[in-house]
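Dropping the structures in below, format is structure tokens.
Each of the two complexes below includes chain A, the first together with chain B, the second together with chain C.
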Partner chain A sequence: MGIFDVYLLEALINGVLLGGVLALLSLGLNLVFGVIDVVWICYAELIMLGMYAMYFLSRVYHAPMVLAAAICIVTVGVLGVLLHVVVIAPLLGAAPINQLLATGGVLFFLQSAATILFGIEFKNLGVRLPVLKVAGMFISYARLLAFGAALIGMVLVYLFLRRTYTGTAIRAIAQDRQIMTLMGVDSRRIYVITSALGGGLAGLAACLLVLQYDVHPFVGLTFGPITFLICVLGGLGNFGGGFVAAFVFAEIISVGGLYLDLEWGYVFAFAFFIAMMFVRPQGLLARRS
Partner chain B sequence: MVLSRLSRVLGPLIVTALVLSASPPGAVDAQGKKLKIGVVYDYTGPLAGGGSELQALGAKIMIDHFIKKGGVEGYQIEALYADAQSKPEVAINEAVRLIEQEKVDMLLGFYSSAQCVPAAARIEQLKKFMWITTCISSAVLENRHLKYVFRAQPSGRQFGLMSTDFLAQNAKTKLGKDPKDLRVAIIHEDGAYGVDVSKGNEEGARKAGFNIVLKEGYAATAPDLASLVTKLKRARPDVILHTGYNPDITLFLRQARELGLRFSALIGHGAGYGVYDKLKESLGKDVNYFFNVDPISIWLTNEKALKPGLAGMIKMVGDEYAKARPGTTIRSAHVGMAASNTYVFMTEVLPRAVKKYGGVDADALRKAALDVDLPEGGTMLGFGVKFEGEGAPMAGQNDRAFPVIVQYVDDTAHVVWPKGQQQREPVLPLPDASPYAAQ
Partner chain C sequence: MLELTRVRAGYGSFQALFDVSLEVRRGEAVGVIGPNGAGKTTLMRVISGLIRPTAGSIVMERVDLLATPPHRIVEIGIAHVPESRRLFPRMTVEDNLKMGGFLPAARPKARRRFDFVYELFPLLRERRRQLAGSMSGGEQQMCAIGRALMSEPKLLLLDEPSAGLAPVVVDLVFALVQRIRAGGVTVLIVEQNVQQVLRIVDRAYVLKAGSIRAAGAAAELRDSAIIREAYLGV
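Moving on to the complex of A and B:
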């Protein structure tokens, strides 16, 4: 067995595609933290609700996939706003640990509510996308879609933040929330818009993840911790950092898992994370002060 | 005045006569007695949908049946159900809570081997009787010399050996390969259950002389198994022996299809592979011709070969299952497994403990369990029951239990191995119509 063979290339491509999934997951969480300065620990549970929305719209109500996806994105966006208005807003002035515990409480609430409402059975969209074969290698369509969506999502969020008045206000609030409020920016409105955007990105992730994974009330446990780690590795609130961190993490998992036991891929990825916390605690792309 | 005297004399006599006539001499002691059973399964968390909740349903159907009958040997049955939440630490805490606070007489159930291994030690420490209906890892009992823990199920090692025996006997005739040329990959979730089955697979494969091209474990909660699939493609196995829960099984098979993994046969080993409806929902007709090793589904047993009376119980369990889960395509073996193992306890262990050993304490139940001697055909699962006694390496294990291999063909499960139970010839290798079929 040669070290450099077609399987290594396939593992590298798989790593890039997995990175796309992880980047998509981290996008919304980073946005919310960057602007509101609160970590939505329950972010993966919002994705879980989005996956259920897709399942019911598509399988039970037979809505076309594009329409189902649009409704799903809007629904989770609204849930993001609700989360902000009901849980986050009253705690904005509280200690960070209180905010963290509150969103942690929402995590358990959503898991339990989903168990009661939808049951514990694994549900599946039943969509099997065609297999893409390129130069003797196989590429997952679902992963390719997620990768494309992550790239487009990243560009759109960037353009929104750079080219629109609201985006500029969001960036300004992210830089200094006290001063901007004194200068007349309505911070409450900006927070609501950011929460809607963060929720919408969770909805977009849900639309794409449901093509690859079964949905059940605890599916968030599969993605939640790794998404959080990627955001921290990239620097909480740093979109570019999160994006790069997702691909670095995914490649370590993918290539490490090819040459050693699969579990070693995760061991190396987490070891890398710990090492980077010493070397660059502000994140991979943080500017040195 | 006369009436008052008469009532004073006759009153006690009448009461005494009523008491004596109401209950036969032997049953006087048992009046008002109760057996409290703590039932532990996963009703939430990933394991619930992976089979645990179906096992819980099977146990409940049987417990309710005996409650409706008015109990066993004068003992009323009371069941207290606890949710292990798919977490070993919760399983232990719930077991201890049931024993110390709810004062249960014994514990029944347990789906996951990862829970069983530590829970068994704790329950033994508290000197309570534990009747395992499901978890199969040998590590639960092997060389632990537990006195109060009993398992009617076959062990994980037996699961692993069954699939390699099947392959050894069919390699040449069906796959056209000598055993030494058969390329076998063993993949498994890395908990006590997967590790134990994989050890059985490896032992059997080495004995048969197979070429083991890959043996690897993975976390059942892993978000991505693409590297494992790529590695399998590089190893080019003829047969994949897989042990996993759900949703890791469906994730693996979905990624295997997307990444073009090809093989001649896939043999699953219980848990997620035992929940056909979920496999079908996720994978559609791709699940056709997969094999699964499990105790036989009670609805597939040859009823004529079973002890008289068991056919009626199988029908009762099936009817209750249909009421609880209408629209099920293939009735899951999980339900029948827990129902049968609970039935063995209710009909063989409990009556003997009460009648022969005078009660339902852990020692009486233990002695009664060790006395059970059912020949093949003595349970709904087709096997007999005889537990290995004190001093044996697998003390508490049912020595007469064995799994079978079923093959899913067009929404029907057929027993294909062992020969004695075979309902049809196995389809091997995978037909060309399967997206996994080797080119």
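Moving on to the complex of A and C:
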């Protein structure tokens, strides 16, 4: 294998690993949009709080990693419920623009609150996970771990949505919200459970991202826009579409970044997004209506 | 079993039902007929709690339905097959039926209810892994009725089950409604297919412009002038 092919293969593999994490990120946002019909503009700020939770639990309180991760997931899940009960639920009947503005307001509120509480310094867990060297390629262990955990998280959510009554109701409500009461479903309860799930997924994403990135009050800006674009590219509320779009995006970033700079990978990805909005505005796997 | 007294309901400032009183006794099959826009669907919606009346009372076996949260009305034994079926189109037949048995009280009996529904509609068993939205109109109607039966209702509300179906399929649907009723389920059915529905119900009400214009035994109504008047609008 030529040196160039090795780089390309490494980039492809890194793209897959990144795709897993992006798919996890977009699943939480997509779930909330599909079920409750609101966009959590502040979704990535929940992830930021989760990363701080990981930092404090593990760096300051020296909690074991697995325990810290469990607490982080539950905490952000509770934050998701709070966001729903305090901000979203009272605005459910309001115009969509009001809901966008409200969750947008929460975004700035959380950024400012984090700046005051935690300061603007970059913080990290201070753990250096090894880098694996396989067949001349360098694969980061943190990325492998994140990919594996993201897959497990998504499989668990999938099984929950397929197998349980509550999960089936969550899928059903995304297709016809008015008739749910006829089946004895209390939509408000389903919304709260979905918000907990969306928050929990943000919490899991936080645990995985904090292994690779420093946390600071504005770290949400790194993940927020790309998560949102993936959901739009996959078709907002379309879980399968979001999953595919995450890998498409990740490969563009990873392989595109190989030829120029990593930053160029993002430029290509966003350019691809804009082009797709002309070609398939309903999303990659748009369903015929 | 079910008693509506002077029920008024509407949408915003628009009133669709004017002092509607109606009774369904246990074991009966009762029809509500009337032209388009008469308020038939609105009537079904107030019974199952999809919309709240602005006045009047609705009582089912001594339970005040207006004091019951909408999502708990199915627990009392009322299942509503809505107009134009309203299946979950991108879910399988099996998942649609599963949603019909969502009630915690129905879940332990899910296996038996699935068998019951599949026996009534053998076609649904064959199609159980198929997406509901990909089936024909008649198959979808059976799935919608099957979904309602999953909760083991005492009273089944059917809103125009024959709408948009081919004549042979209409006959089939009416035959199945008779079988369900013979199995001990009380039926309240709304139809535009007047002559046919009057052959399978005991009594019927004629609804026009939001109020009951006539009521009586099906056989009497079948060739009465009131029906012709209600439909021709003279």
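Throughout what follows, the second predicted complex is superposed on the first by the 277 of 289 C-alpha atoms of A that agree within 3 Å, B and C clash if a C-alpha of one lies under 4 Å from a C-alpha of the other, contacts with A are read in each partner's own complex, and residues count from 1 in each chain.
The rule we apply is simple: a contact is a pair of C-beta atoms (placed from the backbone, for glycine too) under 8 Å apart; a residue touches a chain by one contact, two chains touch by 3 or more.
This structure is a prediction, so every number in the text was calculated from the model and none was measured.
S.K.: If you count the residues of chain A that each partner touches, which comes out higher, chain B or chain C?
M.R.: The partner with more contacted residues on chain A is B.
S.K.: Of the partners chain B and chain C, which touch A:62 in the superposed model: first, second, both, neither?
M.R.: In the superposed model, A:62 contacts neither chain B nor chain C.
S.K.: Touching A:186 in the superposition: chain B (first), chain C (second), both, neither?
M.R.: Once the two structures are laid over each other on A, A:186 reaches chain C alone.
S.K.: Quick check on the superposed pair: does A:172 touch chain B, chain C, both, or neither? Answer first, second, both or neither.
M.R.: second
S.K.: With touch defined as at the start, can you tell me which chain B residues reach chain A in the complex?
M.R.: Per the stated touch rule, the residues are 43-46, 48-50, 53, 86, 190, 216-219, 221-228, 230-231, 233-234, 246-247, 250-251, 254-255, 257-260, 278, 281-284, 286, 435.
S.K.: Can you tell me which positions in chain A touch chain C when the two form their complex?
M.R.: Counting only chain A, the residues touching chain C are 165, 168-169, 171-172, 175-176, 178-187, 287.
S.K.: Flag every residue of chain A that touches chain B in the complex, lowest number first.
M.R.: Answer in residue numbers: 1, 5, 7, 10-11, 14, 18, 112, 115, 120-124, 126, 128-129, 131, 133, 138-143, 212-214, 216-219, 221-223, 226, 253-258, 261-263, 265-266.
S.K.: If we count contacts the way the header does, which residues on chain C are in touch with chain A in the complex?
M.R.: Those in contact with chain A are residues 48-50, 69-75, 79-80, 82, 86, 88-91, 95, 98-100, 102-103, 107, 147-148, 151.
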